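In the two assemblies presented below, chain A is common to both, partnered first by chain B and then by chain C.
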Partner chain A sequence: MSKRKPYVRSMDGWWKKNPFFVEYVIHESTALFVLAYAVTLLVGLIRLGQGEAAWNGWLAALQSPGALVFHLALLVAIAYHAYTWFKIMPITLPPIRVGGEKLSPCAIITGGLVAAAVASLGLIVLVWRIAA
Partner chain B sequence: MKTRKRSNAPIFWGLFGAGGMLSALFGPALVFITGLAVPLGLLLPQGTMSYPKMLAFAQNFIGKGFIFAVIALFMWHAVHRIYHSLHEFGIHAGMGAKLLCYGSAFVGTVISAVVLLGVGF
Partner chain C sequence: MSEQKFIEIEVLRYKPESDEAPHSEVYKVPFTDDMSVLQGAQYIKDNFDGSLTYRWSCRMAICGSCGMMINGVPKLSCETFIRDYYPNRITIEALAHFPIEKDLVVDLSGFIEKLESVQPYIIPAEKRSLDQGEYIQTPAQVQDYMQFTSCINCTLCYAACPQFGLNPDFIGPGAMALLHRYNMDSRDGGAEQRMELVASEEGVFNCSAVGYCSEVCPKHVDPANAVNINKTNAAKDYFLRFLSPKGGAK
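Take a look at the complex of A and B:
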């Protein structure tokens, strides 16, 4: 073994040099927002289990300006997560054959985005109907 | 005969995929409902998330299942992605990082199951 300290190229900020990797890091970091939202909901569920006063406290906390800004950021990040989830679906999905033809990447992406739009709209309408 | 140890990766990958799909389909609409529409009183009827309504939802079999799936799968999805991104930032993911990531999702899953069972049926 050589006693010399070998030169190791620094990898700091490697992703900033290529727009492809910048996008990769952004879409991977949406996981932090998904986690933050899951924790927010978990806290809400715990408060629900503790009774009416605790639940109303959680609802009031959601009305604070900080919480609203936080949820606006969550909405942007999670919507971007959803978009990228379907954008990479032609790569993450095993090849699908329809009538002997391989399903085109465009059809998979469009199908995913349409499914998400239908699911989102359906959820809002369902919540509205249950609550009304 | 030599016994081969089966990898546990497919389990975590499956939870990641299920959570990713669920959050891609319903995530933005859920954030809009719970974080913006209800607190601001937009669009949805007054008292959409009132205590009696949410308690009834959490006691309903389907409602219970939906809440559990959203919280648990969102967590498993997120921690799997975070765990695999650590390497990208020069953190060599060892057993400690794995335990911290998957462990927190596991704890979140157990807590939500306990609360959901606790609110009754």
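Take a look at the complex of A and C:
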């Protein structure tokens, strides 16, 4: 008779067992902040549809200290989300060859981060000029 | 002569014939600076308990047999040195996410079945006779799949993949890297046959891009890249079927 009795270990709390997994869960969780900001903007859109008073109320609410702290937290979390998003980009892209040589993961990450920074700055400048 | 150094090695032991669950045992092992963790295990087997069970063969990171969790990280024990942990304790455990057969030996039968399922051989696009001569491949074409040929089936990537731990049916990083190796080979025409598996319930969409598999791979195969490129391939295949139906889709 076989003495085999393979033992299957529990996966309970798997993400706490390795710092790599803890970081993974943290960066995946920052997606909730992206969602929170999307909801904030959506509320703004709804308020705009409700007329000038509602819109001005929404704008005033954004200037409260609580809203500023909330937006600061959003900025930090979304910046981290963007950073980790580009950090895993090399594993998600097919090989990119430049002059026969495969583009290094470092070049892909840097390229992504620079593109994100330029796009963000461009957007800020554009919005600033429209507002002014 | 320098003083003999000792290190504590804590081993997760499991004897299927008598144990209900694994338990830890600690051994105080004398070591020299050139000793690997595998040699530490061998010292335990030779001097403390001959029943300690583990797999090993080449001692030079080629055979892929001696993988284990070393302080919670999947590593080949033959290329991991005791000196790097001293004076702290080393804990060794069978590779995570696989059923433990005995002590440090895991049940790899599921992995072997997955390897077979990816059809890891060249499936020629059209039948070719001997007098047509050899296949011609340019260095650039070789580069397309070369890194994926380096896999030694050590399964460290599976021990690094929580999605495999949560769903043991997931085809997993190692087998997908091998599948991709053949899909990328200019001599191969089997990508379409393999697509059914890539896009299946067990396929690439189990992956949530944790990326730890590529981090622990001792051969820099980057299995996460193979899995993620095939997500794109599967999505393309799915949508392009609407434009040019191939029939036989399941």
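The rule is short, and it goes like this: the second predicted complex is superposed on the first by the 120 of 132 C-alpha atoms of A that agree within 3 Å, B and C clash if a C-alpha of one lies under 4 Å from a C-alpha of the other, contacts with A are read in each partner's own complex, and residues count from 1 in each chain.
Heads up, the rule we're going with is that a contact is a pair of C-beta atoms (placed from the backbone, for glycine too) under 8 Å apart; a residue touches a chain by one contact, two chains touch by 3 or more.
Being a predicted model, the structure only gives us computed values, none of them experimental.
J.: Figure out whether A:119 sits in contact with chain B (first) or chain C (second), or with both, or with neither.
T.: Once the two structures are laid over each other on A, A:119 reaches chain B alone.
J.: Have a look at where A:106 lands relative to chain B and chain C in the superposition and call it first, second, both or neither.
T.: A:106 contacts neither chain B nor chain C.
J.: Thinking of the overlay built on chain A, is A:78 touched by chain B (first), by chain C (second), by both, or by neither?
T.: In the superposition, A:78 touches chain B alone.
J.: Between chain B and chain C, whom does A:5 touch in the aligned arrangement: first, second, both, or neither?
T.: second
J.: After superposition on the shared chain, which partner residues are touched by A:98: those of chain B (first), chain C (second), both, or neither?
T.: After superposing on A, A:98 lies clear of both chain B and chain C.
J.: Determine, for the superposed model, which of the two partners chain B and chain C contacts more residues of chain A.
T.: Residues of chain A touched, chain B against chain C: more for B.
J.: Taking the superposition as given, does A:15 touch the first partner, chain B, the second, chain C, both, or neither?
T.: both
J.: Let me check the overlay on chain A: which residues of chain A are in contact with chain B and also with chain C?
T.: Overlap of chain B and chain C footprints on chain A: residues 11, 15, 28.
J.: Considering only the defined contacts, which chain C positions touch chain A in the complex?
T.: Residues 14, 16-17, 21-22, 72-73, 96-97, 99-101, 107, 140, 143-144, 162, 165-166, 208-212, 214-215, 222, 224-225, 228-229, 231-232 of chain C touch chain A in their complex.
J.: Enumerate the contact residues on chain B facing chain A in the complex.
T.: 19-21, 23-36, 38-40, 43-45, 47-49, 51, 53-55, 57-58, 67, 70-71, 74-75, 77-79, 81-82, 85, 88, 90, 108, 111-112, 115-116, 118-119
J.: Show me the residue ranges of chain A that touch chain C in the complex, using the header's touch definition.
T.: Going through chain A, the ones touching chain C are 3-9, 11, 14-15, 17-18, 20-21, 24, 28, 88, 90-95, 100, 102.
J.: Hey, which residues of chain A end up touching chain B in the complex?
T.: 11-12, 15, 25, 28-29, 31-32, 34-35, 37-42, 44-46, 48-49, 52, 55-56, 59, 62-63, 67-68, 70-72, 74-75, 78-79, 81-82, 85-86, 112, 115-116, 119-121, 123-124, 127-128, 130-132
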